[in-house]
C-alpha cells in the first residue's frame, strides 16, 4: 500500500479550501474529472494527507481545518456532501523570524511544507523555509515571494537533500492561458492583430488586495501573454474589477480585433468563467507530489519537471 | 523583374471577389496585413494576374471581371476605393463535358486553373481538369469535389509535368480552427469536457445552399474538431442558420462547459465574426503560387507543402 | 382554511414536471422566489392539487405522476430534494372522440382541466373540452390549438357557467419578451434600427418537433416582436437549433445593430438562458387559479384578466 | 425661411465634435437616422449654427472650430467626407470670474450658450451663466455642476426672460438605460433578481478622468438603475476601466442572474457598444432647440419639457 504524502500547509485561504475539499472528493468518488496528472511519482491525487496547518487569523487558529476552510473571508463553495472533521487543528503561524523553532517542531511528521499565505511578505516565506530546513522537510512556494529564486537558499536545500520547488503557481486554466492561445492562433494563421483587451472580475479577498497594487500586476499579466513588443503594444488589460457577488468565481471578458486577407475584419469576443482556487489547487497537487517524490528519492533542491507549473522558477528575474 | 502568375478562375463568386480585390489592395498599398506567407516560390501576393474567368450566370458572362464580382448573389463588400476594369471578360463555362476543347483553347496564356465553382458537380470539376491537361496548365481544386483524390487523374497530371493541388480549402481562420484550439487547450491543461456546441450563421448563397444538405456538413465539421470519440460525443453542432442580413459575414457562437480540479465548473463563451470569402482567398493565394512555382520548376502532380492548406488532400477518404 | 384548487392535467411533459415540482417546492419552502402573483382569487401558489393526469405514452400510463414526470423524453431537471408519490396514477388519455365519457367520469372531483398536450391535434383538444363540459369543470388550453377562440365552444362553456381560458400560453420570460423590449427601447430613444437577429437553441422534444415546421413558427415569433413593418423587415430569426445537450434549457443569442446621432453605430449582443418549462409553469399557475376562482364565483366563459397571459385569446386570428 | 438657432459652445471636446459633425451630416444628407425629435419648436436638427466657441487649450484656441474638434485629446471619429472650415475661431474661455464681460461681448449674436466643459468647476460654469445673463442669451448646462439647480440663479434668468436648462445630460442610449430596462422587465414578469453587475470600459479623456473619482460615480450610476433598496443590494458596478484603444467607443458588459418559477435559473449577458459623445449630442440638439424656442417665445427660466433629457433638473439634490 502506498504511503500517502504528508503535507503541512501555511495559509488557510480559498486555495487550501479547494485543495482539501478536492482531495476528499477524489478519494471518495474515485473520479479523475479535471485531473491533469492522475499519478505523479506513484502518488494518486487522493494520496495526500494534510497533517498540519498554520494561519494568523484569530478565528481560524484553534479550529479544525475542516471548519477553518469555510471561515471568512474564504468564499470558495462547498463541493460534495460535507467533510468530516480532519483532526488537524490550525496552529499559530509565523509573522516574522521568532517562532521558527516552534514551527520546525510542529513539522515533525510532515514531508513537505506548502507555503500558500498571501504574497508580499518575503521575510515570512523565508522564515517558514528556514523551519522546513531545520525539520528536514521539503518546501513548495506557491506565492510570488522570492524563495526558490534565492540561490543561497536553494543551495542549502540541495545540500540537505531537501526539495525546494517555486516560485509562484501557474493556473491550471485561466485568462492568460486562453488569451495567449488565441493571440498565438491568430499569429500562426497569418492574421494581423489590430487591438485586444482583457477585463478580469473577481470576488475573493486576494482579488480585492490585487486591485490595490494593480499596476505591477497588469505588467506581469501582459508579459504572460506575449514576448513580442508589437503585440504587446496592441493589447491592453483593464484594471481588475472587484465584485463581491462573484465570490470565488472569476469572470473574464476578452476581445480580439484582427485583420485577415485584404484587411478583412475578424473579431473574437470571449467570456470565461473559472474558479481561481480550483485552478491553483489543480497545480498545487502536482507540486506536492513532485516534492514528496523527490524527497523520498533523495533528490534535493529544485526539480526541473516542476518548471511548467511555475511562473518564476529559479533563474528567472526577481 | 518577376513574371507574375497567370491564373484562370472558374466560378465568379464571393471568393473570387475577395481574391481579386485583395490582390489589387496589396499591389496598391504595399501592405502585408493579414498575409500568412508574404512570398511563396518567389511570388508576392500582388504577383498574380487573373487572365481568364469562367461562369455560367447569364448576367456575369460577358461582363468585365471587375463588374462581375459585384453582381448578385455575390455580397462580399467592396474594399478600397474602387477597381479599374480588368480587361478580362467573363466567358461561358462548362456544365458538362461538351466544350472542353473550347475552354482548353481559352486557357492559352494561363499557367493555372483555379477551380472555385459551387461544390457538388464533380463531373464539371473533372471537365475543367481535362481542359487543363489539354492546355498544359496546372490545376487547383478549391472545392470538395473529388479531383486530386482521384489517383488516375493525379497520375495523368504528374505524367504531364502539371501540378494538381486539392481538394477543398481549409480556411485561413474560422470556426473549426478556433473550436479545435479551445478544445485542445482544455485537454492539454487536464480539464474534463462536459459539453460543447457551435452555431454557425451566415448570409451568402453558398451558405444558404449548405443549409439544404446540412447533415453531411455537420459530420465533416465535427470531424474537423477532433479525432477523439469521447470528445465528439460531447460536442454538438447546430444546424447552419441562414440570415441574409449578414451578407458575406459569418457569425459563430461557441460554448464550452468543462470541469477542473474537484469538478469545479469552467465555461467559455465565444462569438467569432469573420468573412468566409476572405478566409478562402487568404489560402487560395498560397495554392496558386505553389502551383505556379511547381509548374515553373517542372514538378508535376501533387505538392506535399500544400497539405496544410487542404481539407482533403490525396489519400484521404472520398 | 382554503380549499385547494383541484386540477386534472392532460399531457405529462416537461411543463407538467415543472408545474408539479414547483408547487411542491413552494409548499415546502414557503418561498415566493420567481412568483409574479403570490395570490390569485385567494389561492396561493401552493394551493393547487393535481387530482388526475392523462397521457398517451405506454410508459407513463399507469405510473404514479411523480414518477411519470421524469420519464423520457422529459428532461426538465429535478428541483429540490425529491417528491413523495403523488397517489395520482396517470390514465390513458384521448386520441380522438371515443372515450369522452370515460374521461368525463374520471374528471369527477376536478375543478379544472389543464390541457397541455403537444400542439397540433385540435380534435383531441376539443374532445377534452367536451369531456370538461360533460363533467362540469373549467378548461384551460395552454396549447396553440383553437379552443377558446372557437365562439361556439366558448358560448357553451359560458352557458354552462364554466370558465374557458386560452389559447396558447405566453412565457413568463423568454426570447420574444427580451427582444421586444430591446427593440422598443431603441425606438423610444430615437435610435434607428439597422438589423437584428435572434437564434434559439433548445434540447427538448417539443423543441425538436418545432424544428420540423420551423417556417410558421418563425413568422409567429416575428409577429410577437413588433407590429411595425419597417422593423420587421430588419429583424431575422434563424431556424431553431436542436441541441440535445441543452435538455430543458433554452439558449438564445440576440444581436441588434442600430444608429444613433450622426449615424453613430450602436450594437447590442445578448445571450439569454432560461428553462422554457419553468416559464410555462409560471404562467399556468395563474391561469389555473383564475379558472378555479371564476368557477367558484360562478363566472363562466372567458375571463378578461387572463388576456395578458395568453398569446391568442378569443377574438384573435386562428 | 427658418431662422437657424445661434449657439455659442463652451468646451471643444468630443461631445462638441459629435454635435458639429452631426449637424453637418444631417444638413447635407437630409437623413433623419438616429434622430429622436426631427423638429423641436419649429427647428430641424440642421437648423442650428455654432456662432462662437470657447476653450482653454493652447492648441485649440485660435484654431478654426472645424480643426479644433479633431485635436487631442479628442478622439471621436470623423463621420462623413470632411467638413469645410466653419469660420468660427475658438476663443479663450474663462477659468474664473475675470473676463465675464469679455465673454458677454463675444456672445453678441448668439441666442444660447451650451456649457459643455469638463464637470467639476462650478465657479466656471457660473461665470459663463453670468456672462449669458449680461449678454441676454439663454443657457444650457450639460454638465453635472450646479447651475439650474441654484434657485437664485434660476430666478434671475426667469426675471430676465432667459431660458436656463440643466443640469447634466442624460444620454440618448447607454448603460443605465439598458440595465434599467432589463431589471425592470424582470420585475414586471415576476422574476426574482439574484445578482447583477455592470462593467464600463472607455477610452476618452473624460472617461479617464472619471476613473480618478470613481466612488461617487458608482453611487450615481447605481441610483440611476433603481430606487428599490432590495434591488440595489444585488447590483454591483465594477470600477470604470480605461482602455485607450477604445477611443470614443464605450463597451459595457452586463450580467443579470435571476430566478423564475420553482427557483429555475435565468441568466442574461449583454455586451453593449456605443459612442458616448453621440449619445450626448443626440440629447444636446434637443436642449438647444428647446432653449432657443423658449427664448424666441419669451419664456424665461426652466422649461418642464426638458426634464426627460436631464439627470438633475431644478429641485433635485445637489
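Residue numbering begins at 1 within each chain, and the chains themselves are lettered A, B, C and D in the order written.
To be clear about the criterion, a contact is a pair of C-beta atoms (placed from the backbone, for glycine too) under 8 Å apart; a residue touches a chain by one contact, two chains touch by 3 or more.
By chain, with names taken from UniProt: A, B, C, D = Myo-inositol-1-phosphate synthase.
These numbers were taken from a predicted model, which means no experiment stands behind them.
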How short can a path of touching chains from chain A to chain C be, counted in steps?
2
Centre to centre, by mean C-alpha position, how many angstrom separate chain A and chain B?
45
Separation of chain B from chain D, taking each centre as the mean of its C-alpha atoms, in whole Å:
49
For chain A, give me the residues that contact two or more of the other chains.
269, 271
In graph terms, nodes being chains and edges touches, is this line, ring, star, complete or other?
ring
Can you check the complex and tell me which residues of chain A touch chain D?
195, 197, 199, 201, 211, 234, 236, 238-239, 241-246, 251, 253, 255, 269, 271
For the complex, give me every residue of chain B touching chain A.
18, 21-22, 25-26, 31-37, 79, 172-173, 177-178, 181-182, 185-186, 189-192, 258-275, 278-279, 281-282, 285
